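Some structures to go through are shown next.
Same chain, two partners: chain A is paired with chain B first, then with chain C.
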Partner chain A sequence: MHKPETKTAGFGWLIGFALLAILLIVLPHLLSFSQQEILVMLVIDVLLVCSYRLLTLTGEWSLAHAVIMGVGAYASALAAKELAVPVPLAMLVGASVSAFLAFLLSFPLFRMKGFYFLIGSFAAGEVIRLMWKWSDLTFLFGGPKGIKRIPSMPDLFGIDFFEPVNYYYLCLIVVAVSLLILYRVERSRIGLTFHAIHWQDKLAESVGVNTFRYRMLAFVISAFFAGLAGALYAHYVGAVAPNRFDVEEMVYILIWAIVGGTATFYGPIIGVVTLTIINEVILRALGVDEMRPMLYGALLIVSILFLPDGLESLVPKTKAWLASRKERRENMRTEEVPAE
Partner chain B sequence: MTKLSKGGMDRRQFLSTTAAAALLASVSMPKIAFGAEKTVKIGFLAPLTGEVAAWGKPGLDGCHIWADWINADGGVKVGDEMLKVEFVPYDDEYDPSKARAGAVKLIKEEDVKFIMMLGGDPWPGASQVAEREEMLVSTLLPSDLTPDTEMLLAPCEVHPIYNVTGVEWLAENKPDLKTAVICAQDDALGKPSVATYLAAFEAAGIEVLDEPIFFDPATTDFAPIMSKMLALKPDIICLDTCYADYVHPLTEQAFQQGYKGQMISCTADFYQKMVEKTSKEFMEGFIFQFPDFDDPKLNEPHVNFKKPNDFYQEYLKRYGAGEWSAVSWEYASIMDLWADAATKAGTTEPTDVLAAMKEGGVGKHAFGEADWWGEKLFGINNALVGLWPVVAIQDGKAKIQDFKSIPDWWDQHSDLLIKHMKALGQMYYQRT
Partner chain C sequence: MTAELFLQTVVNATYAASYMALIAVGFVLIFGVMGVINFAHGELYMAGAYTVVALYADMGFPFFLAVVVGLIFVGCLGLVMEVGLFRPLRDNPLGGLIASIGFLLILQTVAMMGFGVRMENVPPSTQDKIVFLDGAVLTYQRLYVILAAVGLLSALWIFLRKSKFGWSLRACAQDREAAVLQGISINQTARIAMFIGAGLAGVAGALTAPLVSPTPFMGHSVIVTAFIIIIVGGIGSLEGAVLVAILYGFVHTFVTTMYDGTLANIVGLLLMLAVLIVKPTGLFGAKERA
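Entry: the complex of A and B
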């Protein structure tokens, strides 16, 4: 009895992915020019928030993730601009520098847990951000104005990556591969260990799990992909500045994760997609520019009040509602048959 | 349950479908202009929300008054036609990626013929789009200018160079003041301004005590900064180009810590609140660079800004007395320049308007005839520089003391300014 159901479910997933892939390929052609620009940023933000979720699997919430994204952006920009490293390679350099920095930060930060880790990560992030602004390092990081005229992705087979649609496809491929890796990590034994550390770290330690190393691993992997998101950003926008990676950006990452939910892989994706569409498309289109922060804030409050488990909790609720509706209809049909 | 159609749609479904359709329509449908009037669209790409909104939003408010007045007079004469002006705002949130999306929307979707920006951090995001589309863009921050930015103009506020006029006036009128201290937030706005004040003080023979104090923009407690400054016992406290969020607490701290000397600042936005929190006596003689436009001196013949006193009254009527800021008139004054150039060019095409604007190397700046200038400092002559007012608070009200010439100061002291700009890494060729 089980085999046919599994096959049907697998087939359903396949159809679902195929439809999603078609939608993602067609999507930019259905949007206006400015919406295509927003779409590029959205895809980068999806990678950013999903990389953040990997760290939260171990139970630690960092306030340095935006800065770590910035480290990737700065490193990639400097590699391409100052060392003439080809942009694709510079992006990998940027991601690797972020990962290496996370590795170094692990030693002081993972001596702390919970709230202390949160504050410690914030302090570490601010030190890095202030270093970018430091007068004595202006020759390297550009001070408060940051780095401008960062080389963009070079044309490939005549494809101009300055065009948002082309850059979107590039980001889509990079982000899809990255999400696949993040998903596989989570579903592997390593991912299960992350969960174990989150819920029962003392128990995990008692059975020989080196929680420090696993926390470090989550932080490093998460930082690598955050750095990659930063590199994708830097070579598209062409400029990076310390303020772009400040606490406000970090608050956005937290909001996307919290509103979307972090219990499932797709939760933060739902969060970032929904909130970006509301903030950047709907509220802008309504012509209420100055009211946007207020309306955005009100929506967040409503969402947290009525969906405390995040938007992801709507998925099982919708499934249950559809199933009960189907059941009701079937019941009604069976009741109507004798009457006829 | 009421069925609205034979298809079985109930009221709830009908309402939700209608609401969704209306929302979708508002998002996806282009706005349709009815009537036969020809319109030229101008983009307003500046922060309308967030920390820097005080230098965007009041400017947009001023532009609305400008547009209403111009349109009531029939519009801008371009060739044989009178074109009504419509402003299309986009909130860039002081973020380069949003500025890029905004520039794309304004140029490709709204077909604007000119974009006004605050400049600063968002400019690099919009610059490549503007360059590719050959769009004429204005900035209030000439530090955005480089030899490559041929389509970028600083036609109104040549920040921070005009700060020299305040120091020059102070040296002429209060020669007993011999020492100064400077503090500024450590950012792209603060640093070039510090270099300018250092040059201005040196030119005026005023000694700057100790190194300028650079504080982090995230600072919220200004008491230690003011204590450190007061410990040096200066004749002048210079607040550089601090944001209003810093000028206010710093001034309050100076008051609370018993300072009785001279203060000078680039801006004193919403200064009435500072007077309320300190006293009229304390604020007496506070020097800054941005007048209220009800000032009778703005009716002097060299001033090109049209009906400044009426503009100020209208602004207060629409938005309230507390909303007037340094930028309330600036974007509107840029529009005067653009409208004149479009009329002269007989077209709204950006490259033609730019050529008409820079014809003869001079232009009608808000405060008088001015030169297109800046090659030595920015690598390009795209900043319009002439007279600038020196404003002092007298009996709780901002009053213009004099108009001083920036080019005259530059002719005598350019080497000083370049020296200090270089020392702080602010020359165009030092920027990364």
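Entry: the complex of A and C
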């Protein structure tokens, strides 16, 4: 499934990354204020969808990811607001609570596989979400209205994080580090074991891999970063509510992952970036942003029908097409030589 | 709990069980024959409700005409899904599920753009009601739902047992390849199953429209209910779906009456999780399908 990667990144890659970094740093200054806010959300969504992909490596598709993001958001918000934990620390608390919850949920949920896991994770997520809404727990979670006036990121080194641009840079650094960790995990022995469990779980078990523990590990890591994304969201927006993390949000995560493709690390990122651009730039320009669900639905259907491996599968296809064109041109040249 | 409240709750639970059964049986039928989890089932229910909003509440056609149109219209939506989505994706195990999520979003947006986001108010088609001795009340509006559930589900049961289509439907649910070898057309069978399954959801939505104030997002709670019922009843078991719909209708209504609605939903989901953990094949086994 996976070509062995070359150990050292080539020179071309370095230039590519440098250009990307420059683009990401310059980008917010080219945008309007509202577009900067969208950009912050986009960066958070990238982390969300990439953390989701880590779990899909083991072959399990969860429907609890949006709620787990919410757990991070709620935990971080409560820690900062009620317990006066400094915000950066509260974010780590939020992420850790998400991870711990995933650890607990592993015991019932990983008794299931495939479709049953899908439904089981959905049920578990809904139970948590309903707890937030439940009137008997309003004193803690604020009921359907959620938690408001969450402390925002304090000024650090004289940088005001209330400004979207500055918060964007903060998110960019956090997300870049997180993605690097996720990438390293996937390339490590652990990540290879995830792949093994996906494709051959019985075989993996027979050579002594504890599939339950590896599934749990994937779930916990993925939950940690989803929780971190939730915490970044909570302290930026300043409010969380149960409906922000409902099945609709989960559907969007699924759509980003599926439209982008999950076989490569960059697939989901392509998905979320492309769809956000289509949604925020094109629909907004046409003044029809209430059509967002329909557009997402239509794109999902089109992609599952005609591009089941996602947008990412266009990359090797384009490469192959370019190569074949080049080859053909060279063949033509060599054929032309004797004629001359 | 007083005797009057108890009886009233029993009446309410019977009504809840009836519409849950209509929805769940359609859901199970679609899964049994085509192996597709139809995530858009709640939105088919919503489409049925909005047919009544449009024809009966807005245009003033008779209520029952609107209900019948709702059945046929939503059944046809089901046909569209089968021909346009599920058939091309038959070899892709999660493909149907994903495509139905896309279809769900489209239906939601159409309802939103056509009717707006706010709740629709559908006037009841009749003010008549039955008052029992203890003072419990059953409105005719709710009685229609109960009668429709009993009537349509009995008709479906006879159809599945007696008619040739019914036999081929059950054959497909049991073993698709063997059914094909016997000369049964998978495509035709799937079309019938999809029409019936979607139509049942449409009827449930149409009949309950005056009782629930339709919104474009009403499908969400419906699909959750449907999931709970088919998991607890055992995926693919029609009898299990009906029995669990009755059971869940009573549990949900009683918990709602005695405590509150959110807790009732939590109880339902925990029930489903418990079944998933202890006996994933459901209470009524997976051996017998459709």
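Here is the rule we go by: the second predicted complex is superposed on the first by the 311 of 340 C-alpha atoms of A that agree within 3 Å, B and C clash if a C-alpha of one lies under 4 Å from a C-alpha of the other, contacts with A are read in each partner's own complex, and residues count from 1 in each chain.
The working rule: a contact is a pair of C-beta atoms (placed from the backbone, for glycine too) under 8 Å apart; a residue touches a chain by one contact, two chains touch by 3 or more.
Bear in mind that the values here come from a model prediction, so they are computed numbers and not experimental data.
K.L.:
Just from the overlay, do chain B and chain C fit on chain A, or is there a clash?
P.N.:
Chain B/chain C on chain A - steric clash.
K.L.:
According to the stated criteria, A:120 is in contact with first (chain B), second (chain C), both, or neither; which is it?
P.N.:
After superposing on A, A:120 lies in contact with chain C but is clear of chain B.
K.L.:
Looking at A:112, would you say it contacts chain B, chain C, both, or neither? Reply first, second, both or neither.
P.N.:
In the superposed model, A:112 contacts chain C only, not chain B.
K.L.:
Between chain B (first) and chain C (second), which, if any, makes contact with A:131: first, second, both or neither?
P.N.:
second
K.L.:
Where does A:300 make contact in the superposed view: on chain B (first), on chain C (second), on both, or on neither?
P.N.:
second
K.L.:
Please indicate which partner A:254 is in contact with in the superposed arrangement: first for chain B, second for chain C, both, or neither.
P.N.:
The second partner, chain C, only.
K.L.:
Does the superposition put A:33 against chain B (first), chain C (second), both, or neither?
P.N.:
first
K.L.:
Between chain B and chain C, whom does A:290 touch in the aligned arrangement: first, second, both, or neither?
P.N.:
After superposition on chain A, A:290 lies in contact with both partners, chain B and chain C.
K.L.:
Does the superposition put A:145 against chain B (first), chain C (second), both, or neither?
P.N.:
After superposing on A, A:145 lies in contact with chain B but is clear of chain C.
K.L.:
Looking at the overlay, which bit of chain C runs into chain B, 111-119, 147-155 or 237-245?
P.N.:
Given the superposition on chain A, chain C and chain B clash at 111-119.
K.L.:
Can you give me the overlap between the chain B contact set and the chain C contact set on chain A?
P.N.:
In chain A, positions 130, 133, 135, 290, 292-293 sit in both the chain B and chain C interfaces.
K.L.:
Taking the touch rule as given, give the residues of chain A at its contact with chain C in the complex, in rising order.
P.N.:
Listed in rising order, the residues are 61, 108, 111-112, 115-116, 119-120, 122-124, 126-127, 130-131, 133-136, 246-247, 251, 254-255, 258, 290-294, 296-301, 304-305, 308.
K.L.:
Quick one: in the complex, what on chain B touches chain A?
P.N.:
It is residues 23, 26-28, 48-50, 53, 57, 89-91, 94-97, 100-102, 104-105, 108-109, 121, 124-125, 127-128, 132, 143, 186-188, 190-191, 214, 216-217, 424-425, 431-432 of chain B that touch chain A.
K.L.:
Which residues of chain C touch chain A once you look at their complex with the stated criterion?
P.N.:
Per the touch definition, chain C meets chain A at residues 37, 85, 88-89, 92, 94-95, 98-99, 101-106, 108-110, 112-113, 220, 224, 227-228, 231, 260, 262-263, 265-266, 269-270, 272-273, 276-277, 280.
K.L.:
Across the complex, what residues on chain A touch chain B?
P.N.:
Chain A residues touching chain B: 32-34, 36-38, 41, 81, 130, 133, 135, 138-149, 152, 162, 164, 233, 236-239, 241, 243-244, 280-282, 284-286, 289-290, 292-293.
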